[in-house]
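What follows is chain A paired twice: with chain B in the first complex and chain C in the second.
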Partner chain A sequence: MATTKLGFVVTRPGYKSENPKLALTHAIASQSVEIYLKDGDIVTADIAFVGDGVLNCLKDQKAVENYDLNSTESHIKMSLLLDLNVLVCREDLDRFGLSEKDIVIDAPEFGAEVEVKVVPYSEISQMMEEMNHLLFF
Partner chain B sequence: MGKLTIGCFASLVGSTNLDFAVKLSAAAMEKGHKVDLWVSGNGTMISIKDQRAFKDYSSLEKPLKELMAKGLNVTACEACAESRGYHADHTLEGVKRFSMDWYLGSAFDADRLLHIGGE
Partner chain C sequence: MKLVTFVSDYKMTVDTLDRLKPEKLGIILVQNGVYHATTKENGKPSSMLNYSANYYVLQEDLETRGLSAANVIDSKVKVIKFGDIVDLMFNEYDKTAWL
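Moving on, here comes the complex of A and B:
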């Protein structure tokens, strides 16, 4: 039995490019990776939003209304439903004049039991040090 | 010898990131390492066969075929490819198409993972 920890670090804002959404969809794919692994082996995915990437976490996104696309917000909520560890950098939120009330924190309508964690960058840095591999989006 | 997993999300035309990924794959294989190359997002453009080679645009079909013949494992994100109209019947022979979990599965036992994001 072995575990490989992957850290998905999102640094770019949403919708301008495909990157943030691909970060989330690839992280979510950690839930079905077992078909490629031996019994007992797992891949975990932690997600961190830093820099301009914190803008992906704004709530009440209108992607369906404006683009007929699933919103990045809905992908974050799906990540919470799957119990992924989702971190948002507090200092970068501050830089944009944002706080926890401006971003998606939970997803009760999805049945999610875990919440987004707004943390100082030092905690994100610590998470990254614990990962086997980092993927920057 | 080790295993290198490369994920490249950048377009074939419009960037040279895929050129770099293929050259790095060749260098690693030359040293005896195993290489998995995952392409997702715009990177799936590399999976289309019969692309015409111009000197002003990247063209990697020839080196990719040569490397796959030597054991390079290339897989494209199926959803990313389909969303762009890159269908299975127009995929370069030897390139596999799977869902995103394939990339994570490859990363599981990789000694190094090099992720090259998209534009």
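Moving on, here comes the complex of A and C:
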């Protein structure tokens, strides 16, 4: 029985390229690999938004209305539905003058029970040290 | 020359804008360029707003990112829609560039 820990670190703002959203789709997809694993083996995925990447977390994104695109916001909420650990760097939010009220925190409309955690970078750094694989987007 | 330039990135790695000397310069902030109009880092507005230019920001790209006209930090930046960009290109400027 083994646990493989994946860490997805988003450092860039969204939409200009698909890249930051891919971190979320990969993390979500990682939760559907059970059929390829031995009994008892699991894969966990943590997602961290740091640097300019925290701008992905602004709420009220109207990507569907304007471009018929699923929003990064909805991907974050889907991650919460899957109980993924979603971290946002507090120092980087502060740098942009943003706070928890400006970003996606929960997703009750999706039935999600966990919330986004705004944490100091030291906690994100600790998370990264605990991962088996780190992927930067 | 009357030049209108699209700025589509937040972090610019080129200084092309510094080298352009048109008689009239327009800067249209699109895609991730819209953050120049809305975002202060450590309390300071983007240096992108320091040029002697007419500034515009695309409303659709603001809204896509969870922003709106209310988030625009400098009144010299005019919020416009796609149709307005077409009008600007055809009526106000001779050339366009994309950064």
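Convention: the second predicted complex is superposed on the first by the 137 of 137 C-alpha atoms of A that agree within 3 Å, B and C clash if a C-alpha of one lies under 4 Å from a C-alpha of the other, contacts with A are read in each partner's own complex, and residues count from 1 in each chain.
Note that contacts are C-beta pairs under 8 Å (C-beta built on N, C-alpha and C of every residue); 3 or more make two chains touch, one makes a residue touch a chain.
Quick caveat, the model's predicted, so the values are computed rather than measured.
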> With chain A superposed, do chain B and chain C clash or fit?
Replying inline: fit
> When the shared chain A is used to line up the two structures, what angle, as a multiple of 10 degrees, is there at the CA centre of chain A toward chain B and chain C?
Replying inline: 90
> If you stack the two complexes on chain A, which partner ends up touching A:4: first (chain B), second (chain C), both, or neither?
Replying inline: first
> Regarding the shared-chain residue A:25, is it in contact with chain B (first), chain C (second), both, or neither?
Replying inline: first
>> Is A:43 touching anything from chain B or chain C once the two structures are fitted on A? First, second, both or neither.
In response: first
>> Touch test for A:95: chain B only (first), chain C only (second), both, or neither?
In response: second
> Taking the superposition as given, does A:59 touch the first partner, chain B, the second, chain C, both, or neither?
Replying inline: second
> Between chain B and chain C, what minimal C-alpha to C-alpha distance in angstrom results from the superposition?
Replying inline: 13
> Can you list the residues of chain A that touch chain B in one structure and chain C in the other?
Replying inline: none
>> Show me the residue ranges of chain C that touch chain A in the complex, using the header's touch definition.
In response: 8-11, 31-32, 35, 39-43, 60-61, 63-67
> For the complex, which residues does chain A have touching chain C?
Replying inline: 13-16, 52, 55, 58-63, 65-67, 69, 71, 73, 95-97
> Quick one: in the complex, what on chain B touches chain A?
Replying inline: 7, 9, 40-42, 99-110, 112-113, 115, 117-119
>> For a test of understanding, state which residues of chain A touch chain B in their complex under the given definition.
In response: 2, 4, 6, 17-19, 22, 25-26, 28-30, 32-33, 35-37, 41, 43, 45, 132-137
